[in-house]
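Labels A, B, C, D and E are assigned to the chains in the order they are written; within every chain, residues are numbered from 1.
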Amino acid sequence: MIQLTSRSKVVVDKKMSFKEKLYLPAIAKGMAITFMHMFKKAATLRYPEIKREFAPVYRGMHVLKRDEEGRENCTACGLCAVACPAEAIIIDGAERQKGEEHLYREEKYAAKYEINMLRCIFCGLCEEACPKDAIYLTDRIVESSYTRNSFIFGKDLLVEKMDDRIDISKRKKEYHID
Amino acid sequence: MSDIKIVQSPPNIEGPGFQATSLDKIIGLARANSLWPLPFATSCCGIEFMATMGSNYDLARFGSERISFSPRQADVLLVAGTISKKMGPVLKQVYLQMAEPRWVIAIGACASSGGIFDTYSVLQGIDKVIPVDVYVPGCPPRPEQIIDGIVKLQEIVKNESLRRRESDEYKALLGSYGIQ
Amino acid sequence: MAILIFKIALILILFLISLGVAAYATYGERKVAAFMQDRIGPDRAGPFGILQPIADGTKMFMKEEIIPNVSDKLLFILGPCIFMVTSLMTSAVIPWGTAMEFGGVKYAMQVADINIGILYVFGVVSLGVYGIMIGGWASNNKFALLGAVRASSQMISYELAMGMSLIAVIMMSGSLSLTDIVTSQGDGKLWGFIPVSGLNWNIFYQPMGFIIFLICAFAECNRTPFDLPECDTELIGGFHTEYSSMKLGLYLFAEYINMFISGAIISCLYFGGYNFPGLSYLSTVLNPNIVALLSFGALFAKAIFFVFFFMWIRWTIPRFRYDQLMKLGWQILLPLSIINVLLTGGILTFFNK
Amino acid sequence: MIESLALNNKSEKTDYNILNLGPTHPATHGVFQNILKMDGEIIHETTSTIGYIHRAFEKIAEHKPFYQITTLTDRLNYCSSPINNMGWHMTVEKLLGVETPKRVDYMRVIIMEFARIADHLVCNSIIGADTGALTGFTYVFQWREKIYDIFEEVCGARLTTNIGRIGGMERDFSPACMKKMHDFLNDFPKYFDEFTMLLERNRIFMERNIGVGPISAERALNYGFTGPNLRAAGVDYDVRVMNPYSSYQDFDFMIPLGTQGDTYDRFVVRQHEIRESLKIIKQALNNIPEGKFFADVPDFFLPPKEEVYNNMEALIFHFKIVMGEATVPVGEVYHSVEGGNGELGFYMVSDGGRTPYRLHFRRPCFISYQAYPEMIKGSMLSDAILTMSSMNVIAGELDA
Amino acid sequence: MVQIDNQYILTELQDKFGERIYNSYEPYGLLTIELDKNSIKEVLQFLYDHKELQMQFLTDVCGIHYPQVFGKELGVVYHVHSLINNVRIRIKCFMPIENPSIDSATFLFSSANWQERETFDFYGINFIGHPNLKRILNADEMDYFPMRKEYPLEDGTRTDKDDSYFGR
């Protein structure tokens, strides 16, 4: 025993009372507890049928956002790839051609955008790094699969579908700046 | 039970000699509902696997709560967590000790691909030493994702022919890992 | 001839019941565990998962059998067989119900009414440990060997206390035959003055003996808190570490059969066996066959309750350590059971003068 | 003469059993290998081998900018990753000389104490499971799940949280999150009592644990024990009290102490630490000041997204931060926090570059696990397993 | 009762060891001394036995590598803590990369055992008098010391990334 501060207290009591020495009372108490639990509602959610609601800020599968007019936001600046600790993002940039203004918002766009979902650790740093409101993590989970190659998600899987917009407004941070 | 949809058989169990007969189907169904896991939990994903075993997710619903720590008795090897190069041979040893039919699920980024640990000491995916049937992404995966992985594996198991384990393809697959 | 047919039929039925109960006890165990732990338990295989044991069984049959190269192959196979056979054999002397009547001939619902039934039970149960011992030893695995050693020493130490606690019961009934012990627990006067029907159970005379016997039964069945021979967290699987496929299935199955049979024996010894309140009245008004089935039902229900009790305990309390287990057996239970014998003897001589 | 012969025989006993425990043994919870030299069931000598999940954290840290190292600290002690995250942020803040607002401190304290509860719950329920009582484990894991929910609400992940940022928090606590925290504080103690009743005063459990794997205060100090393991041995060293960080001086809590440093001491000390943590969270939640949830460090704390979209200056800062080109002072700093298992130290040497020049983690598990062979010498196999789970050795932290 | 602060510790140490303490500074308030590597044993013992200081807790041992400083490439950094006084001190010893060796601290602190093995594993620093100096985290077969600056982090087995982007 070495006392360094005045805020400590010995909490352990190893002396057993006679009742505790008898084994049976404590066992009976334990059995009562477990028996009562038999009639409690199970805490289980039957997962594939009933899905648990995730927090709005949950970091799941990524999405590449489009703006209101359906143009891709990404400008292939590469900050997400730099910020990725797992180095799971690969981007190839391309110049926007004339007549593609309705497809891409900025002058440059990502011709190839791949995330290796098996490498990804869902840390959310890419979302933070994005200066163009383009990449977000969503509350959808990435499903498991049978081959390693099927986890390389290209733009076909990542870019948000126009008929299935993903609401990310709840993820946006609120800053109370006085 | 009833509303499980029939899916296309996964790519790695198609091919000649793999079409399941009705006996195969019954046995496949039995096997799928009695997958005893051997948790090879090394790190973070192991904790999430514990959560999957816990009350809120309850892996028992799939008949998989009887954890068998002895490889002889296990059906599915759940590799959860980083496998370093030092651990690789141990993992292979455990796989070899398992009785056929055996399946492997790689849980989490580290086991599946190495994750953020692209270093001199970490194996870049356990499929470098043993064949893997299902990959579960995430670091660590949510219990939902682990259950997903089990369900996906059940699909494989249900549709697997009894002869697959004797087939040349399977032997070739094992052969590519140096397992006779 | 008819009696032979009846006995064979009875043996077959008991065999099937034991197996069925064992199979569904595995399911029950999983469900009970689940409910106690706020879970659901298996519910995918069939409605409420009732096909779970069948799935498990089928899977085990179809699994590859591994016989380790370093093992003694004959003994390796013999181990689970002995364990299974002995656990099934025990049920032979249990009186499962009142006698049935076909064509005016009475047939006792008991495979063999031997007058030393209790000794037979003991003999067979103590053989069971050879199954574990041989299996564990033949595996040639250190964990299995440790499990086997633990199992055998545990069996030896607890059998003694178990026998002593039984002597008190035998002193009361004055017979070694299970039939006599059960019939003596029917109608009568509880503690000599409360008239009861079918409730003159030994538990009211022998509470301490019952507790000792129960604890020893736990130890004999290798159940928590005495599951040292196979405890997961220390010895992986203990004696069955190396077993795969149906040989493992036999071990697991036999364990549940053991539980069921010990439940039945406890019921017979302390809870009146097939007796239940009103049995003597019903036997005067109903067809003896129906009464026999009812009494069988009573015993069955009691046995199932004990199976549940075994599970309940398992999912509640921690297990002992090896030396504590030995200490409990030799230093606490054995003296207590001897005191129990002395007390019983004293009281019997005092009151029966 | 006969006595001395007997003694001789004993000391010259050579045929010990060698039992290889691990690296995949269930009780080792992962990846520890212990080669036990046993006499029957009595352990005579132990050789521990570690490194089965060595992941080269320190080498990776030399290659990653500061903000990415948080993802590494997550995976050190994954049972209580928020504490590691916060410890790392505080280390960088110490290097930069940043003063964090009180609100940030309080938010961090809340998160860290929740993480401590989660950590201790795992440890104690595993002790229960290793003694054979699995049910308690499932009871407390339901509550651990609720802590996960809170983390998820704060940062979006359950286990490897990547919570907080250099200079503050990622975002403020949402109302839903606040509600979850209050609910937890209200409901948890009752269920925790249930868990306690199942085990703490049960004679079987007590006998299994009392006197198992003891270590004296002197030996514990010599072995570099910290945290609950040291406190169980009777030394009230707690970084939160001795070198308060993140405003821990504001809170009133008690340091629970054990006496012999055995498994039961460790169990009970952790039980009480959970209760103390609840007390701290309650105080912090009640007294949390209003204000900003980040400090004024434009070089490290990302500007709001709207600013980035519209304001050139903010965009430049944003690029600088993400590319890791913000200027860092040259120097070396040691900062320690009270992790789940003890003093979690960060020793960082900075040469002014975008990555640390050298980052060393003082990992409490790694240091205290060395004592394991000494602690289990002469005890039984079952004790060895309990001792290991009660030391709460986390593989990720052990092997780095 | 003396005031125990960095100045006091430094004076005590300088009185005793004088020239063998090469340098001292206080980054972020933590007294740091650079020490002649041959006197580490004496200094640790002195701090341990000192009546006032009682620096009896070895917090941490780690290595460090400065490839550009000739003759002092490898270093060992000790953090020692006095629990009674709540004072820490950091001790650094440097040595050349050819045949780096230093006395082991295991004679005084059992906790130094694995930390020194780790340092040996990472940097190849030889601790004289260590009871069991061999690799601890890495496999025994490894033939280099991975934490030295000249060795790369990756081993090149990763196949699923493209290094040509963004100056990775």
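As a convention for this text, contacts are C-beta pairs under 8 Å (C-beta built on N, C-alpha and C of every residue); 3 or more make two chains touch, one makes a residue touch a chain.
On a predicted model such as this, the values are computed, not experimentally measured, just so you know.
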Label-sorted list of chains bordering both subunit A and subunit B is C, D, E
Separation of subunit A from subunit E in touching-chain steps, minimised, is 1
Max Cα-centre separation from subunit E goes to chain C
Taking the mean of all protein C-alpha atoms as the centre, the chain whose own C-alpha mean lies closest is D
Taking each chain's centre as the mean of its CA atoms, subunit B sits from subunit C at a distance in Å of 38
Note: subunit E sits from subunit B at a C-alpha centroid distance in Å of 44
Between the Cα centroids of subunit A and subunit D the separation in whole angstrom comes to 22
Rounded to the nearest Å, the gap between Cα centres of subunit C and subunit E is 64
By the touch definition above, subunit D meets two or more other chains at residues 25-26, 51, 54, 56, 59-60, 71-72, 74, 135, 138-139, 142, 160, 198, 202, 204, 221, 235, 237, 242, 399
Expected list for subunit B, residues touching two or more other chains, is 55-56, 58, 61, 67, 69, 86, 113-114, 116, 118-121, 139, 142
Contacts with two or more other chains occur in subunit E at residues 83, 86, 137-139, 146, 153, 160-161
So the touching chain pairs work out to A-B, A-C, A-D, A-E, B-C, B-D, B-E, C-D, D-E
In their shared complex, subunit C is touched by residues of subunit D numbered 17, 19, 25-27, 41, 128-135, 138-139, 142, 198-199, 202, 204-205, 207-208, 380-383, 385
Subunit B contacts subunit A in the complex at 3, 10-12, 55-58, 61, 105, 109, 112-116, 118, 125, 127, 133-139, 141-145, 147-149, 151-152, 156
Contacts from subunit E onto subunit D in the complex sit at residues 27-28, 30, 32, 56-60, 62, 64-65, 77, 79, 83, 86, 88, 90, 109-111, 113-115, 118, 122, 135-139, 146-147, 153
Residue set of subunit C touching subunit A in the complex reads 32, 34-40, 43, 211, 312-313, 315-317
As the complex stands, subunit E meets subunit A at residues 83-84, 86, 160-162, 165-166, 168
